[in-house]
Amino acid sequence: MEIKNKEIVSAAKPSADQLALLKGKDILSAAQFTKEELDLIMETAAYYEKKVKDGEVLKDMEGKVMASLFFEPSTRTRLSFETAMSRLGGSVITVAESAKVQTSSTAKGETLYDSIRVIDLYADVIVVRSPQKGAADEAALAAENPVLNSGDGAGEHPTQALLDIYTILKERGDLKGLTVTLLGDLKHGRTVHSLIRLLSHFGCHIILVAPEKLRMPAEIVADVEKLGVDVKQTDNLSEAAAVSDVLYVTRIQKERFENEAEYDLVKNDFIVESELLKTAKEGIVIMHPLPRVNEITVDVDDYAGAAYFRQAGNGVPVRMALLALVKGCVR
Amino acid sequence: MEIKNKEIVSAAKPSADQLALLKGKDILSAAQFTKEELDLIMETAAYYEKKVKDGEVLKDMEGKVMASLFFEPSTRTRLSFETAMSRLGGSVITVAESAKVQTSSTAKGETLYDSIRVIDLYADVIVVRSPQKGAADEAALAAENPVLNSGDGAGEHPTQALLDIYTILKERGDLKGLTVTLLGDLKHGRTVHSLIRLLSHFGCHIILVAPEKLRMPAEIVADVEKLGVDVKQTDNLSEAAAVSDVLYVTRIQKERFENEAEYDLVKNDFIVESELLKTAKEGIVIMHPLPRVNEITVDVDDYAGAAYFRQAGNGVPVRMALLALVKGCVR
Amino acid sequence: MEIKNKEIVSAAKPSADQLALLKGKDILSAAQFTKEELDLIMETAAYYEKKVKDGEVLKDMEGKVMASLFFEPSTRTRLSFETAMSRLGGSVITVAESAKVQTSSTAKGETLYDSIRVIDLYADVIVVRSPQKGAADEAALAAENPVLNSGDGAGEHPTQALLDIYTILKERGDLKGLTVTLLGDLKHGRTVHSLIRLLSHFGCHIILVAPEKLRMPAEIVADVEKLGVDVKQTDNLSEAAAVSDVLYVTRIQKERFENEAEYDLVKNDFIVESELLKTAKEGIVIMHPLPRVNEITVDVDDYAGAAYFRQAGNGVPVRMALLALVKGCVR
C-alpha cells in the first residue's frame, strides 16, 4: 500500500487568515483545537513534508531558538521536535534529564515556574515534557512565548494525537466514514484519550477494544458520543479488526493486573500478529505510538499497511507545522 | 518601572580600536578587566540585545563552533551560553554532566589538560564549568582558543558578575553615585566576590549585609577600599534597604551554621518580602543570581523593581558580547 | 617537525567519478575499503581541512540532520562527529547516554532495530556508538540512510583507523616504505585491529610490540601477510623504536593480567618516555588514540613528533569527509 497524500492533506501553503489562527498560542491539550485549526495543522504539516522531501533548505525559523526541556526521558519525542526545529533552520537548546538523575535546578530546589520564567527569556518557543500532570499548563503560565506540551505525566500528549491524525489522513486520504479501532489499555493511556477527542472532529466510527478492567473512562466516551460519534466497545479484537480501516494498538502493562494469572488470561487476546491480518478488513492500517514491546509481533512489520514507523516519522512535519504556526513563521 | 537603556549602555557598534581589546583573550576572572574593557562588554551586549529584539538574524559566528563543557550541572548558565552562540549564528557542541554521573573522560582517567588540548582542536571557543577551583585557568593553559570560565567551584564566575553590572546599568541607567547593597552569605559566595570587584570600577557606594559569621572576607573589603570605594557593613537589612538603589540578594545556606538553632536565630533577618519594600528606598532594584529558594518570597515578583528574571535574561546579550569579542567577530 | 601536506594528501576537490564511490554507503568496518576509496576519503578530508583553516563557511550539509547516537559514553568521538557536521553547515540531534544510565528506549524495552527505524525517518545520516559488537551492522540493516559505526564494543572503530592513516600521511607525506610500529595490548584493541588492515593498503612495514600474552591475533597477522605486508613481532620496544618512522601507542590494562605481580613485571617495558626518544629513529612520529593514562609520559608532549593531539584534531576533517561523501554532498 502506497502512502497517500490526498486533498484533505493538501500541501499548499495556508492562507494568511489561516496562519493567524495559532500564532502566539500554546499547544497544551488535544481538547483545545477547533476543526479549522486541525485542518490548518494538517495542511501545514503536508506543506513542510513536501518541502523537506524536495530537499529545500528552510529558513522559516532561522535565528530562532527552541528550548527542548525533557524533565523525563523520551528520546523519540525529543529527537522528533529537535529535528523539526533544525529542518526549519532554527537552533535548539536541550535539557535531557535521564530517568535516574535529578535536574540541576530541581536539585537546587527551584520551582518549574522560576525555571520557565528564565528560559522564556532565552528561547522563542518552549517544548516541555514532565512526569508531572499539569506541568505544561504551569509552564505556559510562566512563559510569554508559546509552550508546547510534549507529555505531562498522566495528562496529555497532544502532539502525538496530532501526528496520529496526520498519519491516518496520509494513509487513507480521508477519515470521514472510516472505522477506527483503538486497542489496548484504554483506561490509563493518555495517547488514546487525546486521540479519541481529535477523532471526534472527523466523522469516523470508533471501536474500543480493551480488557474489561482497562476500558476507556465512561466520561470520555460520553463526551465523544455527545458530539454524535458512533462508539462501540468490545473485547473481541478479531471481530473488530474484520470491520476496521485503522487499528491503533497500545500496550497492556502487566502491572495493571492484580496478579500474573489474571494478566496471562487476557494478554494473548490483544496481540496483533500476521495471523490476525488474514481475517482483518482488507487494507487495514496498523498504527502504534511506539515503543512497542510484544503487542505487535515483528512479522507484521512487512505488511504494507503496518504504518507505525511511518507514523513516528510523521512527527517531524507535524511538529514543524506546530512550531512555525505558533511563532507565525510559515514562509 | 521601565527598563532603561541610557548612554552608558549605548547600543552603537564599538569601534575597531575597542574591538581589539579582548580579541584572543580568555575570560577567567572578574579581576582581569579594565574599565575600558568593561565599557566595551556593556556596549557590545547592548548592541546585540537591540539586534535580537529587532529580529535580526545574525551571522557573526557563522561556521564557528563553541564547546559548552559543563563538568557539573548548571542548566541556566549552560543554556544561556548556548543561546548566545546560537543567536550569533554559531554552532554548539555540549558536554552536560549530571551531578551523579562521572564524565566519560574522567572515568577513563584522562586529565582536564588532555581533554582541553583535544577539544581546542575541534572548537573555536571553549566555555568551561567545573566544580574544581582553577579548572578554567588550567583549561586556558591547554587551549590556544579563548576559554570562558563559567564557574570553577569556589573560584570565580566572571560572566555572572558582568551580567549583574549590565543589569544595574540597564535598570538604573548609570552606576555612579548609586548605593548597592549585597546581601546574604558574603563569605562563601563567589558571585558577590566577583561582583564587588567589578562594582569598584563604577563609582558607587557599597553596603554589605550579612550575619556576622558570613561576612565578606576582610582582604576583599580592603582591596576594594584601597580603590577608594566607600564600603559599609551591617547586619540590619531594613536600614540598608532604606538607603539602597540596588539590593543584590544571595542565599544563606543552613549548612553554614553549626546547628539548626543558630540558623533559625538569623534566617528571618535576611529574607526579602514585600513588607520590606514598604520601607525600602523608592525604586529599589531587587536582584538575585538565581535559583532562589525562599530568600525572596514570590509576592515580590510582582514589584516593578524585581529585576531577577530580567537579570537572568541579560545573560544572553552579555555572553553574546563576550563570545564575539574574544573571537573578534563583532560585525 | 612541521606538519606536512604532500601530494598523497591532495587538498583538491575530488572528481565526480570519485564522489560516486561512497555515496549512500554505510561505514561499518575498516575491512570494507578499497585503496581507491581510502584515497578519496584522505583527499576529501584534506579538502575540508583546508577550507576550515581558510575560514570558509561551508553549507555542504545545510538543511541536513545527523543523528549522533552514543549508547555508551565517548565524549571525544561524539564531539568530533558533531563538530564535523556543524562545520559542514548541518544540524545535530544527540543521544548521549552516560555510563550508569540506561537509555530511555532501552528502559522501555525497545529493540535497537525499532529505534533506528524511527530515527532513520528523522535524520539524514546516523552515527552509532554502542557497547554491543554488531550494533552498527544491525543499525545499518534498519536504516535506509547511511550509518557510520563509531565503535561497537569489541568490534570495529573504522573512523578512528581512518583518521590514524590521515595523520600518518599528514605527518610523513606518504606511507610507502615507512616502518610503522603498533605498541600495547594488540590482542584486545579494536583500534589496532582496524588500523593494521588499513595499513596493509599502503606499502609500509609493520612491527608489532606487545607482551607475549597480548599479541595481535594470529589470524589478523596472517590476513595482512597474505597481502604481502612485512610484519615483525617483538617485545622489545626500544629496538623497534630505533627503526620506526611511526610509533602507535595503545594502553595495556592491568585487568588483562592474572595478578598485579605479572602486570608489574612488564608494565615499564611498554611506556613511552622522552628517554626512549634518544635512541629512537630520528623524526619518529608518536601517535595514540587517546585518552592516555600513563603509557606516554607528559614530558613527551613537547617533542615535535608527538602527534597524538594533532591526531585527535584530524578526526574532524576525516569525519567531515565521511559525512559528506556518504550523503553525496561534497560541494
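Letters are used for the chains, namely A, B and C, taken in the order the chains are written, and counting of residues starts over at 1 for each.
By our rule, a residue touches a chain if its C-beta (ideal position, glycine included) is under 8 Å from a C-beta of that chain, and two chains touch if they have at least 3 such contacts.
Just so you know, these numbers come straight off a predicted model, no measurement behind them.
Novice: Starting at chain A, how many touching-chain steps does it take at least to reach chain C?
Specialist: Minimum number of steps from chain A to chain C: 1.
Novice: Same residues or different residues where chain A meets chain B? The copies count as same if more than half of the interface numbers are shared.
Specialist: Different, since most residue numbers here occur in only one copy.
Novice: Distance-wise, how many Å sit between the C-alpha centres of chain A and chain B, to the nearest whole number?
Specialist: Whole-Å distance between the two chain centres: 41.
Novice: If you look at chain C, which of its residues touch at least two other chains?
Specialist: Each of 94, 98, 100-101 in chain C touches at least two other chains.
Novice: Under the definition above, what is the set of chain B residues touching chain A in their complex?
Specialist: Contact set of chain B toward chain A: 55-58, 73-76, 79-80, 82-83, 86-87, 89, 94, 98-101, 290-293, 309-310, 312-313, 315-316.
Novice: Note which residues of chain A are touching chain B in the complex, please.
Specialist: 62-63, 65, 67, 91-95, 97-98, 100-105, 107-110, 114-115, 117-119, 121-123
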